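Shared between the two complexes below is subunit A, which has subunit B as its partner in the first and subunit C in the second.
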Partner chain A sequence: MQWSVIFKREMMEYVRSIKWIWVPIVFFIFGIMDQITMYYLPKIIDATGGMPEGAEVNIPSPPPAEALFMSINEMNTLGILIIGLLSMSLIAGELKSGVYELVLSKPVKYANYVTAKWAALSTLVLASFFIGLLAGWYYTNILFGELAIDKFLVAFLVYGLYLLFFITIAIFVNTWFKRPGMVLFLSILLIIFVNIITSILGHFLTWSPGHISSYVSTYLFTGNITTEMWGTIGTTIVLIIGLLYAAVEVLKRKEL
Partner chain B sequence: MSLMEVDGLTKAFDGKEVVKDLSFGLKTGTCVALLGPNGAGKTTTLRMLAGFTHPTAGTIQFDQQSLTTDIRQYVGYLPQFPTFHTWMSGLEFLVYVGQLSYLTNAEATDRANELLEKVGLEDAKKQRIKKYSGGMKQRLGIAQALINKPKLIILDEPVSALDPIGRREVLNLMMDLKKDATILFSTHILNDAEEVSDELLLLHHGELVEQGALENLNHLDQTGKIQLNFSVYPEKLESQLKNLSSIKHIKPVGQGVEVVVSDMDVARIEILQLVMTKEWPLTKFEQAKTTLEDVFMKVVNS
Partner chain C sequence: MFEINWALLAPLFIVEFILLAVALIDLIRIDETNGPKWVWAVICIFISILGPVLYFIFGRRP
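So, the complex of A and B:
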């Protein structure tokens, strides 16, 4: 009841601040950008010229699995940045502006406050990611050859989990710092840290969330969901729950 | 009956105590002013009572229960600078905080409309808060503090930032609220405290230096002011008065003098006797009411 009140208010804010329009559009562009450029690259090179007479432009067309993965690659960089921007003032902004004084002087359960905000942002991001990846899959099919719909769905679900993991990191950082810029910086630093540790100690940390995108890539090529991938999914879910719990506890104890 | 009992409340930031060992009780149905100059620790005290800041030491008892339960459902709090989600309308915001206080949508809407009328915002209720003036925001802030019919209303400097009209409106509103709830409000404006409060807590450098009903404050009995006016200003008035044992200070004011006395009863007799023996043309003898300002200045300067 109280949870859904907060969730609905967040949604209302996303509607009023037209986030429900621009975020899906941005993710849509990320989803199709690479496929379109890749497809038209030979024509672009032709048109702009500069190639010696008689030289043949021969860029091999990527297999469909690789083409779809290009969408995910965009999410991995620009998408993460956008999510960081969306989440940097989710709680920190309210602490900074002082709105929390009115909201948290009501008998609001901290767990409701944190998880409802988390869920609202997750809904926006996952919906936008779905649109972006769907568009990427559609263009892959048209331009580079057929790719089964279950490949798209599994890629959406598994990589979506990685995006949720990042949102949760950002929410956790939100409860520590009041300055949105600081929150953005630290959230991105943390996710980069997870990825660096994973690539250094990759052999030991086979279940690290940092592997998700490479596992998704393997899956797109082979179609097999490996044990490591299940392990990673499990770890990521556990980490998400743990970070949410920690965020609630930090906020509860915080000197507001 | 006591609604809230505070015992030994202390708050230190980085080892520096900003609130020191406060103990006081709030009686049900009273309006209590927490008075003190800027930086006395008023806001910190109120934030501890509202649950935002954790006391370094001390206990707060509410309604005979210690603070294990969530008192936020019984308390309405107005911060010094209320900030809203300004993209919401006044009505939407009130319904939102009402629902956060476990009212249903319908209950919250009814209550919000009732409060908007009470604070005089019914014409602006559909407007975005962004467009509200300072006074309107303050009134909306009071409305949101009342949404869950709190037993205790805590208002941090409710009138300090308002113009005279806004101030009058809010003070009248507070008079009205006194009927249903206990109010604790902070202010550094003495007139406001004098006007609406039944009791005072005087805070200075984080310490509670004076408390009680306004008329019982013990500083008031000791000293006083007497205003004397004469139709013709007597010669050697001041030097004659100076010889009286009970008079501490003399200040010429217009056609007479204002004297500060140490003991009112002695001074009254001494002065009147002097007037009669010298046959001074006395036109006015007025025992000036010691105002809160006198108490305040006395405490702050001592």
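So, the complex of A and C:
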């Protein structure tokens, strides 16, 4: 009961701050931007003066799998940045402004507070990501050739898990600091750190969440889900639960 | 010049326009912003997509 009250309050807050309008729109634009640019690239080069005389450059039209992956690539950079900006003052802002004390002066369980906020942000982000990737998939079908819908669905589910992982990191960092800028910086630093570790020790850490985007890319081309991919999905879920638990524990021990 | 397929680009323009309209309506209705209102209006109108997004993230006061 209590959980759903906090969740609904958070949803109302997203409606009031118009996040429910602009976040889906921004993800929609991220989803289709690259496909459109790629499609018009030869014409853009022509219009801006063209190639020098005699230079013959053929820009091959990318296969559909690669075209859909461009949307995911866009989410990997700009999408992560937007999620970081959305989550930077989620709990930190309330710690700072004193709303947090107000909320917890009532008998609210820390676990309810953290998980409800996490679920609210996840709903917003996953819905927006779904819209963006769906648009990207639609444009891929129109411009670059057919791609089965199950590929889109699996890509959404698996990459969505990576976005959830990042949201969880951001929530975890939220419980440490009161300054939103610091939270944004640290959560992005942590996800970069995960990716760097994965690229250095990738041979050992085949189940690291940092592999998700490359596994999704491989899946889009081949169409089989490898055991490494299942392993990665498992680790990511475990890490999400662990980080949420840690966030609750940190918040409990926090002096106000 | 080359032919532009408007049916292809229409969704992008529509969505961009909605973003701008929502930002401007909100800017008119809101009591106070971080920094002067007219600056935000200029940013929203002249920087496409990024302008309204910057306003939503940094301009609105919680």
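Throughout what follows, the second predicted complex is superposed on the first by the 250 of 256 C-alpha atoms of A that agree within 3 Å, B and C clash if a C-alpha of one lies under 4 Å from a C-alpha of the other, contacts with A are read in each partner's own complex, and residues count from 1 in each chain.
The working rule: contacts are C-beta pairs under 8 Å (C-beta built on N, C-alpha and C of every residue); 3 or more make two chains touch, one makes a residue touch a chain.
What you see is a predicted model, and the numbers here were worked out from it, not measured in a lab.
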Touching partner for A:S17 - first (subunit B), second (subunit C), both, neither: both
Touched partner set for A:D46, first subunit B, second subunit C, both or neither: second
Subunit B versus subunit C as contact partner of A:I142, first or second or both or neither: second
Partner chain in contact with A:I80 - subunit B first, subunit C second, else both or neither: neither
Contacts of A:S97 with subunit B and subunit C, given as first, second, both or neither: both
First, second, both or neither for A:F28, with subunit B first and subunit C second: second
First (subunit B), second (subunit C), both or neither touched by A:I36: second
Shared subunit A contacts, counted only where both subunit B and subunit C touch the same residue: 17, 97
Contact set on subunit A toward subunit C in their complex: 17-19, 21-22, 25-26, 28-29, 32, 36, 39, 43, 46-47, 82, 85, 89, 93, 97, 135, 142-143
Subunit B-facing residues of subunit A, complex: 1-2, 5-6, 9, 12-13, 16-17, 97-99, 101-108, 255-256
Partner subunit A, residues of subunit B touching it in the complex: 47, 50-54, 70, 72-73, 75-77, 79, 81-85, 87-88, 92, 96-97, 99-102, 141, 144-145, 147-148
Subunit C residues touching subunit A - in the complex, by the definition given at the top: 1-2, 8-9, 11-12, 15-16, 18-19, 22-23, 26, 49, 52-53, 56-57, 60, 62
